[in-house]
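For reference, the structure is listed below as structure tokens.
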Amino acid sequence: MKIRLRVWRQAGPNSAGSLETHDLEDVSPDMSFLEMLDVLNERLIEEDREEIAFDHDCREGICGSCSLMIDGRAHGPQHKTTACQLHMRHYSDGDEIVVEPWRVKAFPVVKDLVVDRSSFDRIIRAGGYISVRTGSARDANEAPIRKADSDLAFDAATCIGCGACAAACPNASASLFTAAKISHLALVPQGQAERYDRVRKMVAQMDAEGFGHCTNHNECEAACPKGISVTNIARMNRDFLRAMVVSRDPLRAPDDAGE
Amino acid sequence: MTVLEHRTPSGPLESRWERHRFDMKLVNPSNRRKYNVIVVGTGLAGAAAAATLGELGYNVQSFCFQDSPRRAHSIAAQGGINAAKNYQNDGDSVFRLFYDTIKGGDFRSRESNVYRLAEVSVNIIDQATAQGVPFAREYGGLLANRSFGGAQVSRTFYARGQTGQQLLLGAYQALSRQIGAGQVEMHPRTEMLDLIVIDGRARGIVTRHLITGKVKAWIADAVVLATGGYGNVFYLSTNAKGCNATAAWRAHRRGAFFANPCFTQIHPTCIPVSGESQSKLTLMSESLRNDGRVWVPKNAEHADTPPGKIKNENRDYYLERLYPSFGNLVPRDIASRRAKDVCDEGRGVGPEIGGVRRGVYLDFRDSIQRLGENIVGERYGNLFEMYERITGDNPYKVPMRIYPATHYTMGGLWVDYNLMSTIDGLFVAGEANFSDHGANRLGASALMQGLADGYFVLPYTLGNYLARVVPGGADDEHSEARRVVGQVTERLEKLMSIDGSTTPDAFHRELGHLIWDNCGMSRSKEGLEKALREIPAVRARFWEDLKISGTGEGLNQALERAGRIADFFELGELMCRDALDRDESAGCHFRAEHTTEEGEAKRNDEEYAYVANWEFTGVGKEPRLHKEHLEFEFVKPSQRNYK
Amino acid sequence: MSAGQTRTLTVYDTAIGKKAAVAVTGVVLFGFVIAHMLGNLQVFLGPKALNDYAESLHAVPTVLWAARLVLLGSVAVHITFTVQLVAISNAARPVGYRSKKSLASTYASRTMKLTGPLLLAFVLYHLAHFTWPGLAMGAYSHDPADVYGNVVRGFSVPWVCAIYLVAQILLGLHLYHGAWSLFQTLGLSHPKYDRVRDLAPKLVALGVVLGNLSIPLAVLSRVVR
């Protein structure tokens, strides 16, 4: 089938960008969306034009590298599916597709469709862990965990850190990402000791990165390729407000964004 | 011939590691901050090692080519992680896990290393659980296990079909904590392109920053490579697109021996190739074989009949037929080869590509009848969804189609018992080293090995090395560092300046076909000799006709790929040479000339019970072989039998 | 605060803290809206009931002023923090999308930024209409002692009623998303009560709209005169 792509091209972080149009003639319905971009890129190289830069790696929907806004939807039209798992059978002959990078201040564009998501790493770094030194763990079966809690923690832990939540959010908020990690660790007994310090540190870092705030549109949940629920945001809010009461220790200032 | 010092302790197997730990030197806690350690790669082994070394107080520089350490390809492992916990009381033990791993590896691995792996496996589960890794649990709240990849005990811990993701995120969180604490400095989007060896010691690496294109030297007191395997030499594999062998290969060119490169594992349950533009293959967890039945039509004329319409008497459940006791759970290499055989016979299913249908059915009809859709969905729901997303077929209604694909490489840089390569101070962990899996890796053992190396082995053995060296003494202005930076820059410029007409991917596909056809699931002298003639020719063409657009000054993903492919050409050639040298069948290395009467792999322990270590002598020159003879004191080599 | 320093994090430092303040003041204003409506609905009980009620509100000046202060304070906090939060969000996406689809957000959620200021404008108009008459367009003869009469005379002008009609629809939208949102913002949500939480805001918002609108409509249709 024939597909017309309108792809965002931007030479660097400070360059102006624009949409560039490419027509593809023989797109197979069995191709993945990224394979279509591969084919286009090979053609561009042969024509001595720069290929379209885009992040991708595992191509099986788990590494979280791919980050394409396809026709105004993070990761494209298929629900709970990353762009790398989107296949062209969902399109028909003659379709025009607009491809843009995530547009979030805390994810500055690096080149074309590639953005810098290190702000997410800094949020985790601020407190998204359980402080347990290698070797200091007790036997794994010493503390049973209610299956329901463990499952709920898992649902939150499946976050792949792709950034679709912030990209889709009308406020460019990272609440779902941050809340998912906070919830994962707040729902298991191992995470209790640091629970309220963790939420304060991570929320402070999230704000320092320049993300917007949550106004409960639920666009994040709809865009999340792993279907992570906004219930986690409520849990983050609850834990945070509680932390403001129970945990008054001074906090180290958040790392500067884009250090 | 050099005798390789594998530094394996002797004496009773059970206490070797403990005694070795006692014999090793320690670095005084207050001195640790004087040492700098470079860790390349942030998968399970790399992240675990960097985090743990940071906790101990060393200054760690961590590098990854991805935009975040959380994205390393360990994240894609689905099935699970083995550990000899014996929580199920079904007769498992450290010795049994050791025994199964040695046997599964077809007696081509080192007993001491494998025993240590089995020994520390139990600590991994404790560590990961304490980090908050949400392993599957039973209703009583205790950890659940399943039997995996044909093991006769349930020793596999799992986290839905995302065990690798959860374990990696655990290690990533530990790493993040150390980055936050200032113990580890993280360098994402920074790719190692060469190793710096000064006075016989690995002293640093040269990297290219993938966004700025800047080439830079980094100096340290020791270097750890945890850079994964080389499965992408096949072009199509289940590896991530970015997975590459450049770090390991560059170290090999600087003097690290490469061990058993021909031991590459083919995974039997992958989604078949659908067309020419396919960029990678997707693995479906092997756990599917627990409840799915593998079959093909008895007669080739049924290839196009919808599977539901093929009657039972016209189906050939060939694994159950050939291996009545193990059935669909035979080891990976056997399941893979049998699938290839039935497809070669013309009984494959799915679309015809290049004149052959490469696919067999994996059918859940009977399990759904027996257990109900709910239970099957609970066990495999996410895998079924993934399959449907890729193929458009619903496995609850239509049998899956599967075909083997390259998945893991047992070969890698040679390391001694301390995980140190033949270059002093160059340590290699995880899939990048050759150590524990012999000629074939058991299911759910890769995660175990990566984390064992990273959390529980390297932190000790690296300290033992550092205790013997004086910290510092060189910086990035050292003449050798400058020389290597010059060489790396020159090579990048060369790649950019060829200005031919063929894209990097076109060359990669060509190489991949050559390796898959001649050094894939089945190998023969004739085919390997053919590949050894053809690979150098394609490689020569690569250096004359490569086409990359853009510049090397900034982000240029074609340039990144080209550099990796250039190394794959040299590595691919070595693989074929190793496969030719190993004139026996062992594990995944199947030489068509060496089969038992039943068509199984036939080892030759008299002549080939060794690790083949290759020393680099120059591009296009014959590498030098060094053999490390394997001794089996505790497990007597036997012919595998899964009938 | 700059990197490296330590200090105690305050609610005011974070967006979640400000959001919580907006939610809490929202609850206060929500309470006022409902009480205001219930009070005014006494118009259906006749002139005496309403006028007595109005008089009773002014009976204890301290209570009246305390209530007014709480309300004014809530309005101030609600608006100030919201303006700050909107500024944060606007800064968080300096370059917009060429193409963007909404999947889960509602008309009400997307228009909060619009319904808010319009409601403020309406409240000022409403005060000018009934509290400081003469400032408002559509002025009528105002008698401070006869609230009932004021209502009847005030709503006899059709275009004034039209303004109230539009304003109540805006109020309904604002209350609907606000009510749904505040549980989320304050973390008062549990999957067990999801159904209630989805339904209750709709019913309450609709109730307020209908209740409030019944008064001008009753006057226009001469049910109340």
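Letters A, B and C mark the chains as written, and numbering starts fresh at 1 in each.
FYI, a contact is a pair of C-beta atoms (placed from the backbone, for glycine too) under 8 Å apart; a residue touches a chain by one contact, two chains touch by 3 or more.
Treat the numbers as computed from the prediction; the structure is a model and nothing was measured.
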item: Innermost chain, where centres are averages of C-alpha coordinates; value: A
item: Of all other chains, the one whose Cα centre sits farthest from subunit B; value: C
item: Centre-to-centre distance between subunit C and subunit A (centres being mean Cα positions), rounded to whole Å; value: 36
item: Length of the line joining the C-alpha centres of subunit B and subunit C, rounded to whole Å; value: 62
item: Interchain centroid distance [CA atoms averaged], subunit A/subunit B, Å; value: 27
item: Shared interface positions of subunit A, touching two or more other chains; value: 255
item: Residues of subunit C defined as touching subunit A within the complex; value: 1-11, 13-20, 85, 88-89, 91-106, 109-110, 112, 177, 180-181, 183-189, 191
item: Subunit A to subunit C touching residues, read off their complex; value: 8, 19, 69, 71-73, 98, 100, 103-106, 168, 170-173, 200, 203-204, 207, 210-219, 221-223, 230-231, 233-242, 244, 248-256
item: Subunit A residues touching subunit B - in the complex, by the definition given at the top; value: 12, 28, 30-32, 34-36, 38-39, 41-42, 44-51, 53, 55-65, 78, 81, 85, 87, 89, 110-111, 114, 116-118, 120-121, 124-141, 144-147, 150-151, 153-154, 157-158, 160-161, 184-185, 188, 190-191, 255
item: Subunit B residues within the subunit A interface of the complex; value: 48, 51-52, 55, 66-71, 73, 75-76, 85, 87, 123, 125-132, 134-143, 159-160, 162, 165-166, 169, 172-174, 176-177, 179-180, 186, 188, 211, 238, 240-242, 274-275, 277-280, 282-283, 386, 389-390, 392, 455-456, 459, 501, 503, 505-506, 547-550, 554-558
